[in-house]
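Once you scroll down, you'll see the structures, which are given as C-alpha cells.
Common to both upcoming complexes is chain A, partnered first by chain B, then by chain C.
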Partner chain A sequence: MATTIAGQDRLRAVTLLSPAYLWLTVAVFLPLSAMAFFSFLSDVPFGGRDWHVTLDNYRAFFETTTYATLLWKSLKLGLIVTAVSVIVGFPCAWVLAKVVKGRSREALFLLVILPFWSNSLVRIFSWAIVLRGNGVLDRAVNAVLPWDVKLNLMFSPTAIVIGLVHSYLPYVILTSYLALQAIDDSLIEAARSLGAKRRTILWRLILPLSAPGIIAGAVLIFVPVVGSFMEPRLLGGRLGTYYGTVIEDQFVAVFNWPLGAALSFILLAVVLAILAAASPILKRART
Partner chain B sequence: MAMVRVEHLVKTYGAARALDDVTLEFPDGGFFGLLGPSGSGKTTLLRAIAGFVLPETGRVFIDDEPVENVPVEKRGIGMVFQNYALFPNMTVAENVAFGLAVRKVTEAEKKRRVAEALELVQLAAFGARKPHQLSGGQRQRVAMARAIVTQPRVLLLDEPLSALDKALRVDMQIELKRIQREIGITTIFVTHDQEEALTLSDRIGILKDGRLIRHGPPREVYDDPQDSFTATFLGDARIFSGTVEAGGLRLADGTLVPGVRTPTVAVRPENLHLSVAEPDLPCRLQARLGQKIFGGALGTCLLDWRGEVIKVLGRDADFRDLPESGPVWVGWRPEHSIQMSG
Partner chain C sequence: MSNAFLAHLGRAYVGLILFFLYAPILVMAAMSFNASEFYQLPFSFTTDWYAKLAGNREILSAAWRSVWIAVIVTAIATSLGTAASIALFRYDFPGKRVLQVLLFPPIAIPWLITGTAMLIFFFGIGLGRGTPAVILGHVALALPYVIVVVSARLTSFDRTLEEAARSLGASPWQITRAVTVPWILPGIIAGGLFAFAVSFDQFVVSYFLSEPGDSTLPVLIYTSIRKGFTPEINAISTIIIAVSMGIMLLAARYSNFGGER
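Right, the complex of A and B next:
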C-alpha cells in the first residue's frame, strides 16, 4: 500500500513540476547552452561566416587588464548599490512591518512597489531630468539655499547608484518585510523587559532574525546590478562604461557575440563563486 | 523584592475601557493572581505594571517609587510571556544570559548566575540547546529562568501555563509555586483559569469590564464572593432570587431560605445534598432529578427546578442510591447560603 501511495505522490509531483521545468528548459537552459556554445567560437555561426572552435574569447579576458578592471568596477558598483539599498530599505521594511497598520500600510506598500510598475527607460530618463545640471534637483536645492550651489549629478557614478537603487530597492524592502513580520512582537517586548536598549535589540535580535530576508534581498539586487548596462549607460554617460555595458556592446554594436558570451559566462562564474563563498554565512543566518 | 501598587488606573481603547479606575496593592513577596474573563482588562493591568501599556491617568508604584514615566527596560521587572517569547536565534544559556549581558555583568559572574538559574528550573543540562529543541514545559521553565536571573523587583507572568496540556500544567503549577517560594519574589500573574488562580496565588483579584470587582485571599473570596459575578466566575454557584421576608428569603416556588437578608443567595454545587426523603436541613427545596453524570470518584447530578438547572456535585457513592429520575429534595446547611450584595 505504502509504495502505491508513494508512487501516486511522485506522479502528482511530476505533474505539478513539469510545466515549470519545461519552461525552464525552453527559456533558460536552451538559450544558455547556445550562448555557452557561442563563447567557444571564433565568430557567429550564421550569415555565412567562417568559424571554428577556440578558447580565444576566454583568453581575451585575461590578455588585457581592461575587462578585469571593468568587472571589478561592476562588482564595486554592485556592493555599493546593495549596501545603499539595504541601508535605505531595511528601516522602511521595519516601518511597514512593525509601525504602520491597516490602510496606511497598504498605501505605503503601493509606493514601494511603484518602481516595478513603471517602464525602466521612463524611470531612468526621469532621473536624468531630475539630476542634470539646472535640472529639477538643482533648482530645488538652489531655491531653498541662499547661496549658489552647482549640483551637477548627471553623468556621475552617483547618478548611476541613485538610478539603480531606485530600480532595485523594492526587492530588499519586500524580503526584509517578510522576515521582519515573522518576528513575534513579544520577542521585542521580552528583550525590553530584560533591560535591553533599542540598539541591543536591533543587533542581537532583529538583525540576526531578519538576516535571511536581508541576504535574500541583497542577492536579488547584487546579481543583476553587477551585470546592469542601461542605468550606467544612460545616467553615467562617458563614465558609464561598466562590465555590463561592454557585454552589451559586443552583442549590439560590435556584433562579436562569442566574446560577449564568454564575458557573460565569466561574470556568471564570478557571481556564483561569490555566492558560494557567502553561503556558509547564509546557512548560519538561517538557523 | 518589592511591593507594587497601582492607583486609579484608566486605559481606554476607543470606546472600550480596558482599565476603569483600578486601585490595587500587590504585597511584597506575594503571589498575586489576576483573574477575569477575556476582555476584562487583566492583561492590560499586567502590561501597565510592566510598562508596555501607558495608562491615561493613574499611578504605578514599585517599591513606593512612581514608575509611570520609567520605560520598560528600566523598571527592573521580569516577565514571562504567554508564548514564552524565547529568542530563537540563541541557545537556552544565551537566552538566560541575555538580561545579564545587557547589564554588563562579568563573564564569570554571568556563567555562574545562568547555571544557578538553570539549576533552579531543573534544566542544568539543557544550556546548549536551541529553544525549538525543547518541549513546551521546558520552554516555559527557560522563560522563567530568563525572567528571574536578573533578580528583578517584580515577576510578571502573562497566562504562563495556558499553552501547556492539562497534566503538564498541574506539574508546572507546583514548579512555579516552588520557584516563587524559593526566591521569594513579588509575583503577579494573569490567568483566566480559576483553578490555577486558586492553586497558585496567596491573593487574587477579580476583574470584569476593566473594573476590579473583588480581591483578597483565595479562600476568603471563594467562601464569601459577595456578588453573583464572583460567585459564578470563581468556582460554580447556583444563584436563587426571591423576596426578603422577616424569616429569610422567599423563593418563587414558595420555599423559604431562612436567615438570608439579601434578595439573592448563592449556593456552591458541592454544598448541596440530594435525598429522596425530605432532609433534616433548614434550607431545602424540591426539584426533579434530570440526569446523573458519572465522572469517576466525583459525580454530577443535574436537577430541574422550575425549568432551571441546578447542578449538584458530590462523591459518586452518594448518588448511587438515587433513582435515575424523579422528584428529589435538595438541601444545604444555612452557613452555605452565600448572601449576595450585588
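Right, the complex of A and C next:
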C-alpha cells in the first residue's frame, strides 16, 4: 500500500515538474550544448553548406592575440566596475541597514532597488543623453565652476564604467544590506564598550561578517559586465570594442557563427570558473 | 565626530546615491518634453514628441508586440513555475537538489551567451528567428525567477494545513486549489510581475532572436539609438521606464522583497 502511494506521489511530482524543466531543457540546456557542438564546426551545418569538425575556431583564439587581448580588456572592465560598485555601494548599504530606521528605511531601500528592475537599455540611453558633448552634464559643471571645462566623457572608457556602475550598483547594495542586517547590533555595541576604535570595528568585525554578502554582490556584477556588449556600444563609440561586442558581431554582422560559438563558449568557461570558485561563499551568503 | 553628525552624513550619502541613480532618468524624461531636437537648452516645454510618437506606427507596433509577448510569457512562466514550486515544496525525492541548482544557469550565465546559444539551437531545429523563438527564450529566463519567488512564499506555508485537508479526504488537486494556491497567491502575483518585467525589459535575448522588422520595443530602441538619437525615442523610453517601475512597485507590495517582513 505504502509503495503505491509513493508511486502516485512520484507521478504527481513528475507531472508538476516536467513542464518547467522540459522548457528549460529546450530553451537553455540544449542550446548551450548546441553551442558547444557548433564551436567545433568549420561552417554552419544548414543551408546545404559544407562543414566538418575542426579546432580552427579555438585556434583562432589562441594563435592570435586579438581575442585574448579583448577578453582581458573585458575582464579588466569587470574588475573596475565591480570595485567601484563595492566601494560606492557598501557605505550606502551600511547606512540603510544600521543608521536609517523604520518606514523611511523601507522606502529608501525600495528606491535604491527599483531602477535595477527597470529597463537597462533605457538607463544606458539616458546616460548617453547626459554625457554627450555640450550636454546636460557639461552645462551643469560649467554653470558651477568659474572656468571653462570640456568634460568630453561620451565615447570614453569612463562613460562605459559610469553606465555599468549605474546598471549594477543596486546588486551589491542589496547583497551587502542583507548581510549587514544579519549582524547583531549588540556585537558592535560590545566591541565599542570594550574600547574598540571605529576603524577596528570596521576591519575586524563588520567587514569579515559581511564579506559573503559583498562577494556575492561582486560576483553578480562581475559576471554580466564581462559579457556586456550593449553598454560599450552605446557609451564607448569607436573605443567600445570589447569581448562581448566581438561575439555580437559574429552573430549579427560577420555571420561567423562557429567562431562566435567558440568565443561564447570560452567566455562561458571563464564565467563558470568564477562562479565555481565563489560558490562556497555564495552558498553561505544565501543562508 | 559625533554619532549624530555621522548619521546625517550617512543620510546625505544615500541621497547622493539616489541622485546618481535617478538623475539621468529624470534628465531623459525632461528632454522628452523639450522642444529642441538636439537636446539644446534653454528648455522649452512641448508635448510634440509624444504627439509624433502616437503617429509612429513602427514604434507603436513594437510596443504592442512587447506587451502581448510579455503577457503570454507571464501566463506560461507563472503557471509552469508555480506547479514546479509546489512539487519542489511538497515532495522529497532524490535529485531534488540538482533540480534546484539547475535554476541558476539561466539567471547567472550572461544573457549574451544564453541568447546566442538559443539562436544557434533554434536555427538548428528549424524554428529560426521570430516571435515564437522570443517567447520560448523569455519563458526560460522568467521561470527561475517565478520559482524562486513562489518558493520563498511557500516556506511560510504551514504543511499541517495540507495534511489536515488530506485527512479530511481532499484529493491532491483539491488541496492545491483550495488550500495551497490561495495561501501562496501573493507570491504567485509577485512572481508573475517579475516574469512580466523580465520579458518586457528583455533586450539581449530578444535582440538575437527577433526578426528584423518584427522586433520588440527594446530592440527597436537599440537599433534607433545606433542610427542617431531622436526625442521620440526619449518619449517612448520615458513611458517604458514609468511602466516597468510601476510594475516593480506592485511586485514589491505582493512580495517581501525589500524592507522588513
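Operating definition for what follows: the second predicted complex is superposed on the first by the 243 of 287 C-alpha atoms of A that agree within 3 Å, B and C clash if a C-alpha of one lies under 4 Å from a C-alpha of the other, contacts with A are read in each partner's own complex, and residues count from 1 in each chain.
Here is the rule we use: contacts are C-beta pairs under 8 Å (C-beta built on N, C-alpha and C of every residue); 3 or more make two chains touch, one makes a residue touch a chain.
Being a predicted model, the structure only gives us computed values, none of them experimental.
K.L.:
Between chain B and chain C, whom does A:K76 touch in the aligned arrangement: first, second, both, or neither?
P.N.:
neither
K.L.:
Is A:R204 touching the first partner chain B, the second partner chain C, both, or neither of them?
P.N.:
A:R204: touches chain B, not chain C.
K.L.:
Chain A residues in contact: does chain B have more, or chain C?
P.N.:
The partner with more contacted residues on chain A is C.
K.L.:
Which partner does A:G195 reach: the first (chain B), the second (chain C), both, or neither?
P.N.:
Touch status of A:G195: first partner only.
K.L.:
After superposition on the shared chain, which partner residues are touched by A:D184: those of chain B (first), chain C (second), both, or neither?
P.N.:
A:D184 sits against chain B, while chain C stays out of touch.
K.L.:
Counting only touches as set out at the top, which of chain B and chain C does A:R59 meet: first, second, both, neither?
P.N.:
neither
K.L.:
Between chain B and chain C, whom does A:L110 touch in the aligned arrangement: first, second, both, or neither?
P.N.:
Only chain C is touched by A:L110; chain B is not.
K.L.:
Tell me which partner A:R49 touches in the superposition: chain B (first), chain C (second), both or neither.
P.N.:
Neither partner.
K.L.:
Where on chain A do chain B and chain C both make contact?
P.N.:
none
K.L.:
Within their complex, state which residues of chain A touch chain C.
P.N.:
Answer in residue numbers: 9-10, 12-13, 16-17, 19-21, 23-24, 26-32, 34-35, 38, 44-46, 88-89, 91-92, 94-96, 99-100, 105-106, 108-115, 117-123, 125-130, 132, 135-136, 139, 166, 169-170, 173, 223-224, 226-230, 233-234, 244, 247-248, 251-252, 257, 260-261, 264, 267-268, 271, 275.
K.L.:
Would you pull the chain A residues touching chain B in the complex into a rising list?
P.N.:
Its residues touching chain B are 184, 186-187, 189-197, 200, 204-205, 208-209, 287.
K.L.:
Could you list, by residue number, the parts of chain C that touch chain A in their complex?
P.N.:
6-7, 10-11, 13-14, 17-18, 20-25, 27-28, 31, 39, 41, 76, 80-81, 83-84, 86-88, 90-91, 93, 99, 102-103, 105-106, 108-114, 116-124, 136-137, 139-140, 143, 147, 172, 197, 200-201, 203-204, 207-208, 218, 221-222, 225-226, 229, 233-234, 237, 240-241, 244-245, 248-249, 251-252, 257-260
K.L.:
Within the complex, which stretch of chain B touches chain A?
P.N.:
Against chain A, the touching part of chain B is residues 50, 52, 71-74, 76-79, 81-83, 85-89, 98-99, 102-103, 130, 146-147, 150, 156.
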